[in-house]
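One chain, chain A, links the two complexes that follow: it is found with chain B in the first and with chain C in the second.
On to the complex of A and B.
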């Protein structure tokens, strides 16, 4: 909009010129403050946080759902970590599956991008956020689990998921 | 408890240190510290990063083949606990690491000795060529102790070189 005004006034009145330069001044200041942190720095310093309301997770079992959006992380105000249970709404589902789009389901987080500390002092982190759908009792709805799962699930008593897993990290 | 090796720099990871990254194809990458982790995230190849063991071994800076490496190889079969065996192993570990360290040091000194000889040769040549910047050649002729003992007898050559300067 400002550009159109400037182009219209080809004579280049001092008022509009001043406006243009002031706008430019503001823009350059903003650019100066962000140039210290380049795009590459932001890319590498990605801070991974908890799984909270609104987080989209991948579903890694054959229950029929593909993506689930977290609507509540049980047992924590901050959010869910690796091994916790969440309540989610199915956002994307396969046409013929046990769950449909729009269902409210429980899920166990089996992969989290945020690192979780283990009892020996080490930390583990995965590549993405993934969940396995379970029922209220904690038993998985699907019959297969894809990808690696952590052995934190053993402590949380999700033994069935560990049994179905193809690789335990 | 198991002492792992950092995927990036190949240093040992002691318990309580570092981060383990599990990729979706179930490959586990262990890092000793955030430096290695960040370099991995930058997709750097450890074989091209100068301070890693992978680079040093690849470019022949460090020892690659030795019998002492056989002791440290990963054995995936769990062994039944044998008290005598364990004691022997615990006694052997410092001895083996000492031998390994001396051999690695010898490898490095051998590699660097070539440069040492070349530097000495270069210094000798520089002394012979540029000593006139420090002392006048006439002074060197009078006092034989100020010059390096020449390896070749080229007395006549030196005299003809100095005469134009004297004039």
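On to the complex of A and C.
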């Protein structure tokens, strides 16, 4: 995808400007402005990190919200990992749902791009950041959960979300 | 006076006094000697009977060369030293001494981790046979879950392999329910009950991280 975009741009100086836009949908990655870009230069490995204030997450239940921005990661100064609870502000919502835009909600992180280690030496990571909205007691607001969820929720006592899940990774 | 030394190489450095002795002493050359039982003496008269006895004692001593608690030979050495020295010198020249205890291999410090890893891998191999996995293989992994009920099945493409002894890990990428998952499995873990290479895809890389930017159909596999 990025390669096709680069080949369209005419001169080397406009490459950086073209890459800097959000058209690619990739987070900001350092790129060189050389006329001869190799394949390895284009795709740098991103350093995935915690879910912190300002992180936009996808909502994967049918509570009505579509996207949520994290305003506080409970329990850790660094940020939330897979299985943690965050406080978020609903940025985008479906017209008729249980929550609407601007609501402050609790959410359980069910998919994170940062890998989480398990006690048997394995690690798991997903390709996106996703959250399931819950109430203060930890019960999900919605009635369905889409996509895979990790084992970690069992230890964190989010058993209801595991029961609703399609696939447990 | 008799002094017994246990240096094996001292036997070779002894002055060959075979010229001093008549050929008749060669009749006892069939007796084999242990290098550990060398006793160095000065001079003495040759007496055959003590020689034979001493010879036998030495052969007896060979069998228990490693032991330190030997009562017979020290008692005998008091009397027969003189005779034995000459005979042993002769035999050292004539007969090749082969009754050395086997030398234990010295373990070097930088080999310890390798040895420990090998042992751990051998233990892990008893649970399951680990096939040869390369990046680009499509594998099926059966893993025991925490609640020990059914085995979880994972089927995906190996995008990287990190070899480090018993903590060799492979990274599997697969697609479920619209989301891609990457899991790192330690290959020799006892939780993993079975690894099976289903098929192989030709790749020209050791690490297939470029698959993350490619279309999902390249890492989607149907589970039977």
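For the reader, a short list of remarks on this structure follows.
Note that in this section the second predicted complex is superposed on the first by the 126 of 169 C-alpha atoms of A that agree within 3 Å, B and C clash if a C-alpha of one lies under 4 Å from a C-alpha of the other, contacts with A are read in each partner's own complex, and residues count from 1 in each chain.
Note that in this section a contact is a pair of C-beta atoms (placed from the backbone, for glycine too) under 8 Å apart; a residue touches a chain by one contact, two chains touch by 3 or more.
Worth saying up front: this structure is predicted, and the values here are computed from it rather than measured.
When both complexes are superposed on chain A, chain B and chain C clash. Judged by the touch definition given at the top, the superposed model places A:106 against neither chain B nor chain C. Taking chain B and chain C in turn and counting the residues of chain A each one touches, the greater count comes from C. Of the two partner chains placed by the overlay, only chain C lies in contact with A:154; chain B stays clear of it.
Within the three-chain overlay, chain C meets chain B in a clash at only one of the listed stretches 27-35, 81-89 or 207-215, and that stretch is 207-215. Residues 111, 115, 120-128, 147-148, 166-167, 169 of chain A touch chain B in one complex and chain C in the other. Looking at the complex, you find that chain A touches chain C at residues 1-2, 43, 45, 111, 115, 120-128, 130, 146-148, 151, 154, 166-169. Those residues of chain C that touch chain A in the complex are listed here as 145-147, 152, 167, 169, 176-186, 189, 191, 209-210, 212-213. Contact residues on chain A toward chain B in their complex (touch as defined above): 44, 111, 115, 120-128, 147-148, 150, 166-167, 169. Interface of chain B with chain A (complex): residues 1, 15-24, 26, 28, 38, 41-42.
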